[in-house]
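Alright, structures below, take your time with them.
Heads up, the next two complexes both have chain A, just with different partners, chain B and then chain C.
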Partner chain A sequence: MNSNTQKIVGGSLLLAALIALPHFLKFHHQDLLIFLTINVLAVSSYRIVTLTGEWSLIHAVMMGVGGYTAALLFKYYEVGMWVTLPMAGILTAAVAALLCFPLFRTTQFYFLIGSFAAGEAIRLIWIQFVFPFGGTGGLSGVEPPMVGEIDFMESIPYYYLALSVVLLCLFILYLIENSRIGLTLHAVHWKAALAESVGVDTWRYRSLAFVIGSFFVGIAGALKVHYLGTITPNQFGVGFMVFILIWVIVGGYNKFYGPILGAVVLTLFDESIRGFAEVRPAIYGAVLILSILFLPLGLESIPSKFKAWSGIGKERDPLSLTDK
Partner chain B sequence: MPVLEIKNVSKQFGGLMALNNISFQVETGEIRGLIGPNGAGKSTMFKNIAGFYATTKGEIVYQGQNISGHKPHAIAEMGIVRTFQETTLFQELTVFENVLVGCHIQARSNLFSAIFKLDKPRQNIARDQVLEVLEFMGLSERQEQLASELPLGSQRALAMSIALASKPKLMLMDEPFAGMNPEETLHMMELTRKVQESGMTIILVEHDMKAVMGLCDYLTVLNFGQLLAEGTPAEIRNNDKVIEAYLGGSK
Partner chain C sequence: MKITRRKLIRAAAAGTAMTGTLGLPTALFAGQKTVKLGMNIPMTGDYAPWGLPGLYGCQIVANDLNAAGGVKIGGDNYKIEIVAYDHAYDTEKAVQGYKKLVLEDRVKMVMMLGGSTVASVLPWARRKKMLTTTLLPSDITPKSDYLIATCESHPLYNVTGVEWLAENHPEAKTAVIVTNNDAEYGLQSAATYKAAFEVAGIKVVDVNLHGFDITDFAPIVSSVLAKKPDIFCMATSFYVTPLMEQLYHQGFKGKIISCTLDYYNEIIAKTSKDFVNGTIFQFPDFDDPALNQAGVSFPNPADFDAKFRKAHPTDWSAVSWEYPAILLNWLEGAKAAGSVEPTAVLSALKSNKNPNFVFGEGEWWGKDLWGQDNALVGRWPVVVVEDGKARIQEYRSVSSWLDRNKAVLIRHMKDLGLRTV
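On to the complex of A and B.
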């Protein structure tokens, strides 16, 4: 079997499993599955921002921008999800594009802090302007659509809807990463000065990555608000941002699937320690520290570690650090 | 017609005048040597020309246009590419990918055509061009290797390949032969001359005097940020001020 057929067979099996999955789950777990699906898009869209080497702390807030866009459009203009989803992406991307001007004057640590401050400013706007954002209480009554007989308020139909949207978005993100643009983003990351010397406008590419990432996390935010029905400023605070970071770091950020793996594994893990509510943060902290110490390249590095250890044919991904 | 005119350029770092009122011209198609003892200001001059440093005073005129104050990527787009004194590569990418990034100006694509693969013809041309450059520089066999895995001599050759791939009109090479053995240096000199014959103008900063004297049509000598002398290799070799500077510099 050649690697292409392997990929197709593997992909189809995975897809079948994803489609069958909710039918084997209790209601509570179906809920969880939907949030996980949405969070996968949140971490994957964060990955494209980090490709240029810039880690932002505003990604969670950008998800909120998408969520608020969807909620406002739904409440004040009574448009359905088919409009709110793409509009959430577009508006979040537009906000990101405006933020590029101040934010990307800086890099590294200053960018990190700048992005955090900008995010808090946006959250403050949601809190201060009770009209139209609803203040601390946020907005409620945002509904998913009803199409003929199918009520997307139900978990399973909504899961299928979210899954389709997320898979499509992941596919586009994957195409971008493996295109000429992806290569240039890597170049900006590894040696910005060298990239500049052959004509790469690093400011533009950093901004582009940020705008693309924001577009897709905006869609994730819209998916979330339509399922929950409510949105508040606190859902997108620093707490959720920390989760995104943990998922990406534990999963590994050198490969496309690393952050996805991190989100899935840690969500399962989180669910398995649900019984120990008081010590959960401590356990989480311990997992993060252990994974940084022993798996600095994340969960995705385990297969190549294993291969190196067992001496099976060395397979190398040129865009990864794992085999250095 | 001069391709590059340096007009009264000064560059100040705090109290240090790294370049002090320097003027010279570079003719189209020549190999110009820019030499001088350590700390003379050669790399600083390159960084000013390529837009990495803002000049404190003066003008840098390229093909009749004042380019001082332009951003590095904009200057690269006009056809000036610089190489770096320290080995500077995308260590984490393969040799092939390194040179592919070098084709940025011709091969870049927008988001839409990247997603829908409408840029395929352009990418294929870029790939062919990469293969051509690698062949020319003798790196074909190593194209799948990571840049970090190359021996130093090949790393220097790769740095030059990246610059060549951008199809510049003016190439600023900062100590390209540093870290090469004599055999590699001879080979690279030959390649450099071939590049010149293809119509490119080259400014070369190099401490290997044999290479400089052998390659350059004309030399500009800097010392402590001052323009010390200009002339043909034969003239410079016998210039007392230059000899003094080189011997004095090592005191």
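On to the complex of A and C.
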């Protein structure tokens, strides 16, 4: 079997498993699966921002921008979910485009801090303006639709809807990363000066990555708010941003599937230790420290480590400077 | 060790006796059904003090009821089982927890703290016709048929503290209000205090609505004390302890009134007994002799207080007795309905115009403000710290204040942009 066939077979099996999965789960685990699916889009869209080497602290808030867009359109203009989903992406991308002008005047650590400040400013707007944002209590009553006999308030139909949207978005993100734009984003990260010397506008490509990432995380926010029916500023605070960072770091960010792996494994791990309420944060913290110590390139590096250990094949370290 | 035949016979006899003893409770519970009651509450995170102590309290009450042979409902004998889910005040987890409790554990009632976590489960409460309770009646909407607030009528009871303060300290004529700027707790309480001060003829000279994650309260306290208030009011503040510390360090000599004063012993340790003495708030300790008065429906509060503090010496908070009070209220409804089914219990509770409220007879209220009479209000205690100990001064009627002044309250709620019908 050649590599492409392997990919098609593997992909088909994974898709079949994802379709069958909710039928084997308890009710509240079906919900967990929905939120996990949406969070997969959140981390994958964050990765495209990190491709340029910039790590922002505004991604969770941009998810909230998408969520609030959907909630406001639904509450005040009675716009249905089929329209609010793309509108959430478009408006979040528009907000990101505006933010590019102040934010991308900086890079690295300054960009990180600037993005955090911009995110907090947006969150404070949601909190301070009780109308239209509902203040800290947020907005509620943003329910998913009925389509014929299909009730999207029920877990399984909504899971299939979320899965379809997320898979489509992941496919587009994958195409972008493997296109000329994606290669340029990598170049902006690793060889910015060289890229500029051959006419690449690094400011524009950093901005583009930020806008694209925001578009997709905006859709993720809308998906979340329509299922939950409520949205509050706290859902998109520093706490959730830290989770996104942890998922990406623990999963790894050199491969497309790295952050997804991080989100899936850590979400399942967190749920598995739910019974140990009082020591759960300590266990979670210990696992994070251990994974950073022993897997600095993330969970995605396990297969190559295993191959190297077992001698099955030699794989080049993607970050190695000594390999040629 | 050598085992002789005599030793073997002795061991067998002892074992048989032991088995008989251990089997006794099983015999006691033979034929007994179990009714599960759910708690979808924060047990970890910032809101844990308003969740976990309630679980401890419910476990004590449930154990007592079960030890007494269970409860008789509709001709059946039931053992009560408390099933809890920690949502950590996260809406996603609140929905998951609600579904687990309702669809998997098959609980007959879900007790919750309130706020956005309740809002996120309301569509499911409606769909599954599940009796759900909140400590925040402001969660009630015209559509929330299955949501009731049978214990804490937050923040309506704050009016009783202001009324008592105005009568007992008529020299206090100006007040400042400090609280966190959130629509679920702080603003609701600030609006109620503003209404109560207006009715009592006390002028509010400043309202400071600060954000969360504040670490330095000195500037906030300095700024409001510059207005020379007679009264410092903390309206359901999440930051009572640091605010009290600042008041102490900045030498405030006026009256202090607060919705809660959780862990007031820690505040005394950080300030002084003399300073904290005289602080007015709304949540009694349950060893208070005034709880033995006629009308208080909580059974043997002092015993409950002692058991709680023995098992959880540092965990007593405002909610320690509130969730148990809701449990007892549910029990009253279930007995009246002769059923544990949620709709039957709700119907029985609502059809009683004056059901037993924790501090006496109550009445259903809320339609004028939130769209449904689903909040139980009655009399509420005014508590003052005396010689380092919380003591009930008297009970005052929330209902009669609302009858007289609800228009003022609704005006202040609207002024702060809060939802009203």
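Note that in this section the second predicted complex is superposed on the first by the 314 of 324 C-alpha atoms of A that agree within 3 Å, B and C clash if a C-alpha of one lies under 4 Å from a C-alpha of the other, contacts with A are read in each partner's own complex, and residues count from 1 in each chain.
In the analysis below, contacts are C-beta pairs under 8 Å (C-beta built on N, C-alpha and C of every residue); 3 or more make two chains touch, one makes a residue touch a chain.
The structure displayed is predicted, hence computed values, not measured ones.
Undergrad: With the two structures laid over each other on chain A, which partner does A:31 touch: chain B (first), chain C (second), both, or neither?
TA: second
Undergrad: Touching A:135, do we find chain B (first), chain C (second), both, or neither?
TA: Only chain C; A:135 stays clear of chain B.
Undergrad: Could you tell me if A:201 is touching chain B, chain C, both of them or neither one (first, second, both, neither)?
TA: In the superposition, A:201 touches chain B alone.
Undergrad: May I ask you to decide whether A:228 touches chain B, chain C, both, or neither, giving the answer as first, second, both or neither?
TA: The second partner, chain C, only.
Undergrad: Have a look at where A:23 lands relative to chain B and chain C in the superposition and call it first, second, both or neither.
TA: A:23: touches no partner chain.
Undergrad: Touching A:172, do we find chain B (first), chain C (second), both, or neither?
TA: Only chain B; A:172 stays clear of chain C.
Undergrad: If I apply the document's touch criterion, which positions on chain A are contacted by chain B in one structure and by chain C in the other?
TA: On chain A, no residue contacts both chain B in one structure and chain C in the other.
Undergrad: Name, in rising order, each residue of chain B that touches chain A in their complex.
TA: 50, 52, 71-74, 76-77, 81-84, 88-94, 97, 100-102, 104-105, 107-109, 111, 114-115, 117, 119, 123, 146, 148, 162-163, 165-166
Undergrad: Sort out for me which residues of chain A touch chain B in the complex.
TA: 172, 175-176, 179-181, 183-184, 186-187, 190-191, 193-202, 208, 212, 318-321, 324
Undergrad: Report the residues of chain A in contact with chain C in the complex, numbered from low to high.
TA: 26-28, 31-32, 35, 124, 127-128, 130-131, 134-138, 140, 143, 153, 155, 224, 228-230, 232, 234-235, 274, 277-278, 280-281
Undergrad: Can you list the chain C residues touching chain A in their complex?
TA: 43-44, 86, 89-92, 95-97, 99-100, 103-104, 115-116, 119-120, 122-123, 127, 181-184, 187, 211, 416-418
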